[in-house]
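Here chain A shows up in two complexes: once beside chain B, once beside chain C.
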Partner chain A sequence: MSAPLYPNGFLSENAGLAIAVILGIAFGFFLERGGLGSARKLAAQFYLTDMTVFKVMFTAIITAMLGLFWLSWLGILDLAQVHVLPTYLVPQAVGGLIFGAGFMMGGYCPGTSCVAASIGRRDGYVHLLGMIAGIFLFGEVFPFLRQFYNSTSLGPITLPQILGVSPNVAMFLIVAAAIAGFSLATKVERWAEHRGFPSSKGNLSTHP
Partner chain B sequence: METNILGGSTMKNDAADGLKDVRIQGRMKTAQRVGLSWIKSSTHEQPYWNPYQAGVGIGVVLLAAFVLMGRGLGASGAFTSLVAAGVDTIAPQHVHSNTFYENYLGSGNSSPLKDWLVFEILGVIIGGYVSGSMAGRRRAFVEKGPSMTSRGRMAYALLGGLIMGFGSKLARGCTSGQGLTGGAVLSVGSWVFMVTVFSGAYATAYFVRRQWL
Partner chain C sequence: MNTKLGFIAFGLALLAVVAGPSYKGGGVSINPRDLASIVDHELDHVTAFELGRSIMDGESTYIVIDLRDSSRFAGYHIPGAINKSLVELVDASYNPNQAIVLYSDGGVHSAQGMFLLWAKGYKHVFMLKGGLREWQEEVLHPVIPPRSKGRVGADSVQLLKKMSLFFHGSPALRLQIPERPRLQEREKMRDEC
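Moving on, here comes the complex of A and B:
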């Protein structure tokens, strides 16, 4: 077992930063390729006419999840050294609801607003400014939110642990649910278009 | 309706549209002048990739981050480093009395901007620019639904960005850092975050429909 490389001392700090730029370029490239630099395409997810956000996100999660599993099974990667984000149940749920409402209003999430700005969307620039202001606002009120922010701490707990099943079973269920979800999403798109919901599909120049 | 790359419609081209075309054309030229000439800019807007193709691409990038770095991707963290660095420059005392900012300042031996996510986000901006240029999608305009004014859309973008930025910090990450990264390692909080993000957005969609539809 030698991977992950950086925590095991195979890479210098500067090599790590170079990797950050390279992986970032690929990340931004694929986000834009999928159409996630377009606010109307992102928003269409929530008017049911274009489920691209759901399809891209869950395909990416499953790809990385299965990749981690196979590399660990082959003995290449030590999963114990892959950082699992700790869970703070209630603040994360409340944060998610706030985030979702802001996403719907602003039209982007943090990563996609960078992509939108990079291809000239002026609402993308403004969205980035708003996000910086929002983070600053959070920082300023943090002393008052600190207790809530650290509440309902469950540690680095995973879905198989909390469901009491083996990781393999959990992964199988997630893949099965995603495949069913993809098929359902396509059906919903067709239904919404049939109902005459405005669609964001096709050439984006239609409403510049 | 037939449309051209600069955003004007070729079938219905009234005075306002024409004016907008000229403005967009000017910006395009500026963008091309300052743009990187080695990137072959497409003059024809190409269709997006199949979502599963883009998803596998992002998944492989995320997997590479785990294998090489032992960590995943992120976005909001880079901007938190930026905010912490900014506040530290203006009011260093203020930063050191606040553990939220302090966590983003690092060891103090180097700039808080010498951070993995800051470099990753610089890459994201380059990658988006390259892809958008190659596909003929790099154009300066405000993206919105047909019945929304540009000014209104800008106000929504600013306010939405603010709310989203606040929420991302309460949730300890965004759709990249929590959604994709935490999702792939099956973190419970990350899956709760994703479910609540989608719920929050679906619940808000009706109220902002004028902006998009």
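Moving on, here comes the complex of A and C:
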């Protein structure tokens, strides 16, 4: 038996969907327990006084990366069957800027807005409604954006290809960068708090 | 605790550098004989009639993808179809058990798309036989004999009419005898060849 399980027919569609629901709930639960259901904590990331988002995201990246590599090395997972999303450089950069602007203004990203809504935060509901409205709006204007949407296509490229190193070396560099980043993040938090930037513990005023 | 986890991650990454390549079980493999056999046995396509009937009966489980450009898609498309270019088609992810029907004006683009998706490991991909032209001829504007005898029974005639009207087409009630092209048209056809 080789993973991924679903494409190889080891899971039925219904079982796959059931597992997706369970994983989604678990993901939301741990995001909430990590404090990411609070817009204050998320907004503090942009003031550099609370680097939790950075730490959580980078931890997720290196955990998934090491997990995928070692599972495939042990012959349990076929990496060739794991879908790599294609890169569209300019549209994705623009999308990232819009995403970041929304994140900064609202204090939530799509995932954390669901978490906030699920624990009854009203700003989470507003964010969720905005997200759904945005999806419909994008669908309606997509024919006009289509050319831009498909521009600067680089295909499913990966960091090892860009850096010109083996996947193993790229992985080591990313883990080293993450560990250095965690250490630096703690120093940045202290520096920002010392400078009196708005913090999630004190003077950052957002809707509770 | 965090420091310990950091050390574990660093150790695993360091070990990975000397561990050698990860397992890639060949990914997608194409067996040309299998593909040739599928084409030989006409298992690679659905007919316009089959697709039309399944949509009309509400039993279609297909994703229908129109591979023509967006302006022609806007002009007309099979109800429920979505529009994708070949690049968008291969970039997208689909449920591996989902049946997909591709169509273009004729059959070239859809055949290319079908082979590309087969190469990506999707097994339930079909092309619409004869493309949109055959859809128009067989579903939208079928030529129906005035009397239901012989091969085409009364039920089949009713079904063709019903299907044509369902898709806002216009069934033509006339004998299915091709008219001889007039002299001018024959000369024009000869010039075009």
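Here is the rule we go by: the second predicted complex is superposed on the first by the 199 of 208 C-alpha atoms of A that agree within 3 Å, B and C clash if a C-alpha of one lies under 4 Å from a C-alpha of the other, contacts with A are read in each partner's own complex, and residues count from 1 in each chain.
Throughout what follows, contacts are C-beta pairs under 8 Å (C-beta built on N, C-alpha and C of every residue); 3 or more make two chains touch, one makes a residue touch a chain.
Note that this is a predicted model, so its numbers are computed, not measured.
In the superposition on chain A, A:91 makes contact with chain B only, while chain C stays out of contact range. Contacts of A:56 after superposition: chain B is touched, whereas chain C is not reached.
Between chain B and chain C, B touches the greater number of residues of chain A. Once the two complexes are laid over each other on the shared chain, residue contacts for A:33 go to chain B alone; chain C is not touched. When the two complexes are overlaid on their common chain A, residue A:181 makes contact with neither chain B nor chain C. When both complexes are overlaid on chain A, the residue A:134 reaches chain B alone and has no touch with chain C. Residue contacts after overlaying the shared chain place A:154 against chain B, while chain C stays out of touching range. For the contact definition in use here, the residues of chain A common to its chain B contact set and its chain C contact set are 6-7, 62-63, 77, 81, 83, 86, 143, 146, 167, 171, 174, 182. Residues 2, 6-7, 9, 13, 62-63, 66, 69-70, 72-75, 77-81, 83, 86, 143, 146, 150, 153, 166-169, 171-172, 174-176, 178-179, 182 of chain A are the ones that touch chain C when the two sit in their complex. Listed in rising order, the residues of chain C touching chain A in the complex are 2, 6, 9-10, 12-14, 16-28, 70, 74, 85, 87-88, 91, 93, 95-97, 121.
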